[in-house]
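Sharing a structure with you now.
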Amino acid sequence: MSVNVTPTPRLTSRPDGTSGKNRKVKPPSSPAARRSRRKEALWGFAFIAPAVILFAVMGLYTVGYGFLLSFAQWNGFWPDWNWVGFDNYADLLWRSPVYSPIVHDAAWNTLWVMIAVPVLTVAIAFPLAVVLNSVKRLSGVLRSIYFLPYVTTGIAVYFAWQYILEPNGALNLLLKSVGLGSLSQPQGFLGNPDTALPTLIIVMVWSAVPVAMLLFLTGLQTMDSSLLEAAQLDGAGWWRTQFSVVWPLLRPITAVIVLLNLRDSLQGFQIFLIMTNGGPGNATNVLGLETYRLAFLNELAPTLGLASALGWILFVVALIVAFVNQRAMRRLG
Amino acid sequence: MTGHPRRLARRSVALASAVTMTAVLAACGGTGGGSPDELEMWTFKQSHVPALEQAAEQFEQETGITVKIQAITPDDAFLTKVAAAARTNDLPDILEVHSNGDDHTFGGAGLLEDLSGVVDEEWTDQYLPAVADEGMVTQEYYENSLTPGSKWLGVEEGQRFSVPLTIGTFGIVYANRERLAEVGYTEPPATWDEFIEMLDAVGQARPDDGGIANGFRAPSTGLEWLLQPMAYGMLGDQPYRDLFSDDPAANWGSENGVAALTEYGRIQPYWTPGTQSLSIDEADLSFAHGESTFDVGGTFTLAFLEANGFDPDNAMTFAVPPPEGAAIPDMGLAPFALTGLSVTKDTHNKEGALDWVRFLSQTDVAQDFARNALDLPPNDLGPNPEDAVGPVLGAMAASLSSDENAYHAADTSYRPNAYDSARVGEVLADFTPLDRGDPADAGRNLANLIESYWSEQNR
Amino acid sequence: MSASAVSTPRRATGAPSKERAPRNPRTIISRSVVGLLLALYAAISLYPFAWMVSAAFKDNEEVLEGGHLIPRNPTLQTFSDTWSQLHFFDYFRNSLQVTLLTTVLVVVVYAAASYAFAVLRFPGRTALYRLFLVLLFVPGVVTLLPIVLLEHELNILGTHWGLVLPFVNGTAPLAVLLLTNAFSTVPSELRESARMDGAGELRVFASIYLPLARPALITIALLTAIPTWNEYQLTRVSLNDPDSYTLPIALQAMQSESVVQYNTLMAAALILVVPIVLLFLSAQRYFVNGLMGAVKG
């Protein structure tokens, strides 16, 4: 369902977050006011109706179906589900001699992705935004160029990366031509189990930097300049200003960027499916891909319930990560 | 898992051309299945569509019944679509299925007609004896279906859910004849040792493109197309089966297992660079384009190579040979059914659907189909298969063995239930081509993984 | 490094800092470092596209040699063959149809819903809002099969509506989040005075809130359109009539059905990305402003 959910700012805000301060205290409870409130509520229902109806038709059924399926054994064809209670969850997490080791291995790979992608994305996007914000000439052109990786992320660009990363591809050639031949990969960067996952992480970061950079950029441009001036009047140098004023002020945006990248790292699988299919060996099998394999690529074995359960485990982990992220950022701020 | 996994579908899908695309366009649209003189058939093999349509035209002339052929690819889409249609009783009249795989799964779930009463001896006499019974629920399949987690739940012994449409086998090595001649080889190797020598000679003469390609992106290929036939010939039937048991004295971790893996590991220096990232098609393509000198595949590979510009006369083909001193030195490869035809429960015209299946089984129709689809038919082609289906397929048909010592790749009865060849193949790929660990490590890891399937089954 | 590195449009009107005035060697060096870094990342961003273009203009032999960027025998043959093989206009029309329908529906449906969440008070508002947010974390793969089964029963499987409806619903969390924020920043006094003048709720929404939230609307439109254009997973399992293929599926089908070489593949990839790049370039000014509006406040 959330096939095309994409990064977004302000994850942590509430519906009444900013309008709250504009709102007056509750109106007096006269009959006229009550009538107007009832009318407002009716309008409210009318405005959300299309969204709610669509969710009721497309979302409720599919989410509910997926949830129930996580308590059953099914191969997609049996007329009835075989209810197994919490067995699927237990099998995935610790009980099954077949599936729990697979999940554990994939979880380690996923963990690396979850750490590396957000950290690298922020580490690249933040300085890039700061520097881009300082240039006047060409900044529009550069911004467009920097944004291209996001615009085109998908099967076409993954194929292009495969082409670059193959044994006689562009990257090996580049390394050899600048005298770094010892770093080149004769089996291709996706063919060496030690480089395959780091390589995919870099491609993911490449795709994630644009939106992160743009969010930082907008944060920088809407930043209250008097704070920066005050810091400079206090004699703080450029680096000092960045670290002690700008970076803390951008922390809410950083939180959003980190959260969205954590979610994509935890649940994403398309790049893995297209570029490595989990290989070589199982060096790049991650939980998102494993979910897909259990659901759709498991030779008709009755593992649809397992796949569903794994998906819901990822959902809970994402919620916990979101919660921890929010708390951590709040405490730091 | 069955002996002929889904990757065969991918392979055959690769054969489709722009011509097929047009054919599919013409075949699509319309819901079908409603009218009694109109049958609907789904296949997961794009390459079968034009050949099936040609047969359908002839069938319509004879019976007045039209058959609409629709290809649904890739495999995950095909299965998803069948699952969806099954729930609303919207299945087409006929399905092309993976023999001894989908057919039993669908049949066990009640989606298919049991054909055991209809397919009599007269019918099966048209087929090669080796494949005549494929599609039947044998005692082994039935017993398997009773174990927990079986994908064949619900089948009954003696039922038949499909009749074979195409047959073949894997474990066939393709070598570039010209390049072998350059280094003095004109005959296929008789043993694994000669094969390695050959690889070495070509590798030294052609360091850039003398290697052997295999599509390890589907990791089970290394296991099922190379190691298994080699190990079967080396050890003989029962010791080979025991490799997959949970007996530490006989499984992959045992002396036998490590010995087989040691032999297999000798191929490590000769892989085409990057073979671990190639899909099956990409590996074949690298052979067709001369980037590799050897390619591992099956009977179905030749048609693909030819379609991609490789001159079949330049291909030297041979079954993966067992090493010197093997238990079965002259091991052949037995054919088995790759795909079959099934009639669904939702058919509006069971008699018509059966007629269509019977029609496709007739030897003359099957031969035409084979020629058009470049796939081997299950029918007995007589003493001169070249005359019946042309030289390329004929040579393939002739290479199949009906010897009782032949390696039968579709026989999977010795494996535990939850066995997943893709994951076993991944572990094996760690040994070669990824070159991480020695044969003893590989044997231990394989034994541990397969042990986990046995304990899952016995849980 | 110059202090201008932290300057903002607003700050530019302020007093120049003492470091800024003299053009000393340090400034020049730091400026060149900045320039170099910017150029380097631009090169990294463009790297795959450069190779896409490079391969697309190589012939079948040359592409096998791999690694050189400038084709020695540049040819248009690959490109024109691929163009006709890909049935570009048919699939382009399908892609455009799916993307446009999805985008328009997302904007209309969730602008209305977000207006309600941001401005109107009604029972269940917070609960519903939270529900939409939590959906952000439901992995898509969990609902993939149920969507197919549901659509089969609704008889829309394999149609473009069968893609559009789940895409729209899938964009709900993001759209609600972004647009609710944008509407929240509109001062409520504007609505109150309009109401005093007798404007109805629809009027307030259409003539005050929508224009003011235009950047955010354009942003969500692009954040919907781009992934929809590139979507591959649901499309792959649900479409099977080649007549209704979208470009990514056509690309995938081309790759898996006839195993093409990289020159053809890259030519096809190029054909696929160019329209969406053009769309982005034409809308990017609003897009950037829209994101700014969304994080402001």
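Observations on the structure shown:
Going by the order they are written in, the chains are A, B and C; count residues from 1 in each one.
Just so it is clear, contacts are C-beta pairs under 8 Å (C-beta built on N, C-alpha and C of every residue); 3 or more make two chains touch, one makes a residue touch a chain.
Note that this is a predicted model, so its numbers are computed, not measured.
Chain centre most remote from that of chain C: B (centre = mean of CA atoms).
When chain pairs are compared by contacting C-beta pairs, A-C ranks highest. With each centre defined as the average position of its C-alpha atoms, the distance from chain B to chain C rounds to 42 Å. In terms of their C-alpha centroids, the spacing between chain A and chain B amounts to 39 Å. Each chain gets one centre point, the mean of its Cα atoms, and the points for chain A and chain C are 15 Å apart. Residue positions of chain B touching 2 or more other chains, listed in rising order: 76, 80, 83. Multi-chain contact residues of chain C, defined as those touching 2 or more other chains: 145, 149, 237. The multi-chain contact residues of chain A, meaning those touching 2 or more other chains, are 76, 166-168, 296.
The touching residues of chain A, counted against chain B in their complex, run 73, 75-79, 96-98, 101-102, 166-168, 186-188, 190-191, 193, 276-282, 296-302. In the complex of the two chains, the chain B residues touching chain C come out as 10, 13-14, 16-18, 20-21, 24-25, 28-29, 46, 70-74, 76-77, 80-81, 83-85, 87-88, 90, 281-282, 284-285, 289, 291, 308.
Chain A meets chain C in the complex at residues 1-11, 13-19, 22-23, 37, 40-45, 47-48, 50-52, 54-55, 57-59, 61-63, 65-66, 69, 76, 124, 127-128, 130-135, 140, 142-157, 159-161, 163-164, 166-170, 172-173, 206, 210, 214-215, 217-223, 225, 228-229, 232, 238-239, 241-242, 246, 253, 263, 267, 269-270, 274, 288, 291-292, 295-296, 304, 307-308, 311-312, 314-315, 318-319, 322. The part of chain B that touches chain A in the complex is made up of residues 1-2, 5-6, 76, 79-80, 82-83, 86, 101-102, 105-106, 108-111, 149, 151, 153-154, 216-217, 219, 273-277, 418, 420, 422-423, 426-427, 429-430, 433-434, 436, 451-453, 455-456, 459.
Residues 64, 85, 145, 148-149, 151-153, 157, 236-238, 240-243, 253, 256-259, 261 of chain C touch chain B in their complex.
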